[in-house]
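Read from first to last, the chains carry the letters A, B, C, D and E; within each, the first residue is number 1.
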Amino acid sequence: VSFLRRSKFEEGGMMEVSASNNVSLREFGCEQNLLSRPDGSASFVQGDTSVMAGVYGPAEVKVSKEIYDRATLEVLLQPKVGPAGVREQSQEQCVRETCEAALLLSLHPRSSLTLILQVLHDDGSLLSCCLNAACMALMDAGLSMSCLFCGVTCAIGADGDIIADPTAAQEKESRALMTFAIDSTERRVMMSSTKGSFSVQELQECVAVSQKASEKVFQFYRDSVRRRYSKNL
Amino acid sequence: MAAGFKTAEPLEYHRSFLKENCRPDGRELSEFRSTTLNIGSISTADGSALVKLGNTTIICGIKAELTNPTVDAPGKGYIVPNVDLPPLCSSRFRPGPPGEQAQAASQFIADIIESSEVIKKEDLCIGRGKLCWVLYCDIMCLDYDGNILDACVVALLAALKTTQLPEVTINKETSAPEVNFEKKHKLNIHRHPVSVSFCIFDDSILIVDPTAEEESLSTARLTVVMDEEDQLCSLHKPGGTPLSGEKLQECIKRATARKGEIHKLIEKVIKSMKTAQ
Amino acid sequence: MKETPLSNCERDFLLRAIEEKKRLDGRQTYDYRKLKITFGTDYGCCFVDLGQTRVMAQVSCELVAPKENRPTEGILFFNIELSPMASPSFEQGRQSELSVKLNRQLERCLRNSKCIDTESLCVVSGEKVWQVRVDVHTLNNDGNLMDAASVAAITALCHFRRPDVAIQGEEVTVFSPEERDPIPLSVYHMPISVSFAFFQQGTFLLVDPCEREERVMDGLLMIAMNKHREICSIQSSGGIMLLKDQVMRCSKIASVKVSEITELISQALLNDKAARKAGGKCGFAESMPQDRITALKMDQTDVEMTNVSQTGSGVILQGDEAPPPTVPSPVVPVPGVGQVGQGLQSWGLEEEEEDDDDEEEESSGDDQVEEVTQIKLSEKDKKEAAVVEISDSEEEEVVILYPETTEKSKNSGSRSDQKGAAASKKRQKK
Amino acid sequence: MPTDTKRVRGPDVSQSPVLLGYKPAAVLASRGPREDGRQRDQVDVRPVFVRCGLVSQAKGSAYIEAGNTKLISCVYGPRETDRKDETDMKSGRLTTDVRFAPFSCPERVPWIQGSQDKDLSLMLHESLQPAVCLQRYPRSQIDVSVMVLENSGSALAHAVTCASLALADAGIEMYDLVLGCSLQQVGSSYVVDPSYLEENGWRCNSSESRGGLTVAFLPSLNQISGLQSDGEMSEETLTAGVRTCIEGCYKLYPVIQKVLTKAVRRAAPPST
Amino acid sequence: LASGMFSSLKEKIGEVLLPGDEFVFESEDTIFLTDNVKPERPVCGPGLRQSGNRLVVSKSGVLRHKPPHTFWMDSQQWRYVPAKAETVIGIVTSKSGDIFKVDVGGSEQASLSYLAFEGATKRNRPNVQVGDLVFAQFTVANKDMEPELVCIDGSGRANGMGVFGGGGLLLKVSLGLVRRLLAPQSDIRSDLEQLFPCELVVGMNGRIWVRASTIQQTLIISNLLQSCDTLTAPQRREQFRKLQKGGL
């Protein structure tokens, strides 16, 4: 069980951090280049949550979607059960605009990029897993990017504890849930999507937790890619 | 000449203003357009409000209907918000089913209702497992000039605050619902969320309450939703260029000020209706 | 997105290879590709790899009202989603010919063959039955999606467990897996589809065609069969004419393949059961190939957390230096309307629309005219508290039509009085 | 299982409380004064309020309010036509779209609307097309959309008036304005510009013959561009009804003219 | 001189880098008093881009260096983006007027004039059918223009380019494998040569055309090549050895 145990604000306004002052992320896994058809693919696993991503492009674009000075990115998020609805559409928008900010789209004007995300299992922190799978798949496709990004989800428990990378059960019990996309160069917030209500202090703490956690994720990205290129070294 | 510059190089045109810390319509970077609220405009709705934010016009109508609660949540009613961006409100929208923007806006409103608990769904239950209210909150844009989210939230809140539901009882013998239109009661509004949206220009300049043109030229959008107790109900940034924690804090501070304005506006308008009666 | 065109070179080579009884991946004519069945964390989630072709099936259920003509039967629903992930030519949300064909075939194979006991899915006759939904997602299309989908769907159905329910009077209670063990579906038999591709007007035949073989084939025969050698569905497409002998030969081959595949499915189900019983993990992290250099796993890690809350409050304090600005007070020009901020834009609609509540209050027929004038005030008018009539103004913003046939307006003398009254009432309200 | 996946979903079925509620017996008399005090058997139209140019994004727009019936109309274009395969490229294309806001009627109107608004769109199209000089806009299309915000009767008639005003406000070349007026025949008497209740005739004596009529009229050309009638009406009453509706349109005409002149004056650059 | 950056760049040669990794010019490196001493700026190849005084990695892969100053990222990729002067295998998709449209696997079809073949004149058109393969070179390839191919070199000679004859098989591999095959001392190529004689045409767009004496041999080579993408060098040698012993 991963959670942060931290003490509450002392009266003096000082922060005292108790013994086990850590937030843990569940085990990660990633496999790149696992599908034969797409130009890039990856599956990302966080605990039991798993998402598969496929990327096509730069490829031919439909005239109606053509943009004269950059590539058109489409993101599709396929839920496991039933057709995609309004919630998926809104998450697609979040992933798409995050990818758009990281990709150097102006290098491929009048072409199309398609990113398809297939949910394989949702055991919490799904949106962050989608972001991570997306980033790995874009890298696998060899698309030019200005920076990488990763997703981190934080839950605030009923007692105010911050839980990073929560499971579905932890999400259900939480009072608030926040997912951030963090960029790899300056660790700033690229995307934010929240649920529930929370104080400003809690928000900023979760941002700080996510920034710290992102370093682990980025290191994992680096290790995966290094392993992948091990035969080319 | 100026007009030519504006259409040929819209981004440069805007930059030339931002350099001087102002915007083409004369506003400062952190200034909202004038916000106008009008309640109870639609007599066929159980509650309604029309909001104008500069040119942007949003109308929200609440219709309450009766239905059965789900097996999973027998003690809860439904709130079904939908935002529509008809082709009428701007040339950028085409007829047909809602596009991505309308769907994302609908989900945003649904999330805010859920997160802030404006209305507790338990309040909408009439008979546990048998009968409950469904509140259809239909929000429609009549004039799209940017920042519809902020206008939608004000319209929704004001419409909910003016909504009156008739008394419904379940007849013990026939177990059929009976409606008494003579007795109407108001909804219990628990929280008052206010939304404040920003755009980021050139990866660094923050402007509040963007117009449609500013939205399309910006590199990222951000919406902060805050209630009367300074609790955040949403920090929605669907991607775009990154922001530091410090910049986020700036946005939250602006939201704190704005929220007071909107609360006063809604209170005052509702009070004016009461005194007018 | 367009599929890469097939070159003449590939077409010629494939056909010549088939004549020589050679296949692209080294298989024999009647060979199936390597079939791999794995399960997800959930019950009813099954992955099938058929060579490079990959599909996933997920079974789910919900309580719904039964169909009117079958009040005591549960409902089975199948959906094959041709995700663009599987092939660039698959488009999102478009019902392509292929998608219709595959969905029909899957329904014929699994629903019409009555392999699932639908009567056991009835909870309250005529009121509540289980609707079992099978979603098949294509992940990678390297040919023969149908066979992969049929294996995935039937395996997922066998693997699936639905929640237990109890009925007390009218109340239906659905138990969570923690409260009561979920219940498997009762599966009568397992239909499995086997596809045959025909070339040169049926002269040559291949089992389990891959994508490039599908592109040069003349016709396709799909036979769904169970291990008792009962044919559940048979479907040919592509407009080839087959001889009876050919069909018989195919059905013989199919029966062999079906018994092999059924054995494989049973073994996979047994293995999974054993693994779950042993309390082992059966999630995705477990199924990830560890030996491939494209895959990497990292164990649970701790994140260094010192300073996080300090950083958080630091950011807040930094932003909190300036005193909060004062909140301007809104202007309420007429009841039901308010405004904050400078009036930058000219006003339009809302003045006219306002105050329907008021109207309702006042609309008693007599003061119709007054009511009308009140709605028609524009902002400018309001500020000046002036009501403008059609006849006498240059700068009026509003035009009103007075119905001339009403009794009131016929009396032109009293009309201006009424107007005046309306105006003065307006002022009072302000 | 076809479901609307592009909107937030509610329960599968729900019922308006209006259908269940105890209601005061609002029997619409077929004689005597009308519920809102207007006169029966006379050209007694509701007072209207009209304005142009409210929607900043549209080329032209108009808002009309008659009693509680509230409509807004916007015009976009002329712009490049969506359909390139159109055979006749010499003349422009006019598209019309009439929609009811979900909260516009006593009972909620679902988002996916039935044939009613398609009928209305078609009717609006037929009424407007003769008045627009489409041959002046080759290879382009002009989109007219009307949103009914509140339907208190005679929506189509007012939609016609509102849309033609929006077209004029957009500066689209037209032969004439188009005005709409409707009438409801109940037995031997009729009501002009009927309200929602009068149109739908709740709790009315069913033995009487009823019929509705809507006329779209080009006032300066004195021509009818659209005529729709439903229900039961004899030939004489129909002819008389059309005449009455025309009369109703003429009552509207000066108001519309006035609004338009003012909108034009406002838009024109200040004379030096 | 920009030695600071060069040394840090050279340190990383052969290492795996990720998008967003950057190298910074030290400020003193960029200040020069005389024009004579031109600063030695690194030349950015694929996957690297210069922005201000920084050199930023934009593709994941291995940093490679070619003396004196050229650096690029060696990355594995499937999708081809046309580049000028590269030779590719294209599939003719249509004939319209005096040009052929050719699919090269990029985001746009390339055009190939029927005059751009050796010996072609207005009268003497080359025999090219839809679906045929062509081996051709890009004369125009940039992001803003339609790519153009020719099947002749500067002096009007075919120089190995043109329409493919009959037989053989086309296969698709990663762009990285193609580069390894085309490298001056390619170990895969030398391994292949030891198996049996075959014809191999390698396009920079990841398409390879193979023809051996029999269909069986062609299939073996094509499968071997495709497996090279996922095998390490020892694994590959093992595979080749197995084949040599068993198959033939």
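Everything below uses one rule, namely that contacts are C-beta pairs under 8 Å (C-beta built on N, C-alpha and C of every residue); 3 or more make two chains touch, one makes a residue touch a chain.
Computed from a prediction, not measured in an experiment: that's the story for all the values here.
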| item | value |
| --- | --- |
| Residual chain groupings, excluding chain B and keeping positions | one piece |
| Comparison of B-D and A-E (more C-beta pairs in contact) | B-D |
| Relative to chain E, chain with the most remote C-alpha centre | D |
| Chain ID, smallest distance between chain and overall C-alpha centroids | C |
| Chain centre separation (chain A, chain D; CA means) in Å | 50 |
| Centre distance in Å when chain D and chain E are each reduced to the mean of their C-alpha atoms | 65 |
| Intercentroid distance (Cα basis), chain B paired with chain A, Å | 27 |
| Inter-chain centre distance, chain C versus chain E - centres from mean C-alpha coordinates, in Å | 41 |
| Shared interface positions of chain B, touching two or more other chains | 41-43, 55, 57, 103, 106-107, 110, 142, 245, 248-249, 252 |
| Of all residues in chain C, the ones touching two or more other chains | 292-294, 311-312, 315-316, 345, 348-349, 353, 356, 359 |
| Per-residue multi-chain contacts in chain E, two or more chains | 232 |
| Residues of chain E defined as touching chain A within the complex | 14-16, 18-20, 22, 47, 49, 56, 58-62, 74-79, 81, 106-109, 143-144, 175-176, 231-233 |
| Touching residues on chain D, where the partner in the complex is chain A | 3, 5-9 |
| Residues of chain D that touch chain B when the two form their complex | 4, 6-11, 13-17, 20-23, 54-58, 68, 70, 72-74, 76, 79, 97, 99, 101-106, 108, 111, 143, 145-147, 149-152 |
| In the complex with chain C, residue positions of chain A that touch it | 2, 4, 6, 15, 17, 21-38, 41, 43, 45, 47-48, 50, 52, 54, 56, 59-60, 76, 78, 80-82, 112, 114, 116, 118, 120-121, 123, 164, 200-205, 207-209, 212-213, 215-216, 220, 223-224, 227-228, 230-231 |
| Interface residues, chain A side, partner chain E - complex | 33, 39-40, 56-61, 102, 104, 107-112, 139-148, 183-185, 221-222, 225-226, 228-233 |
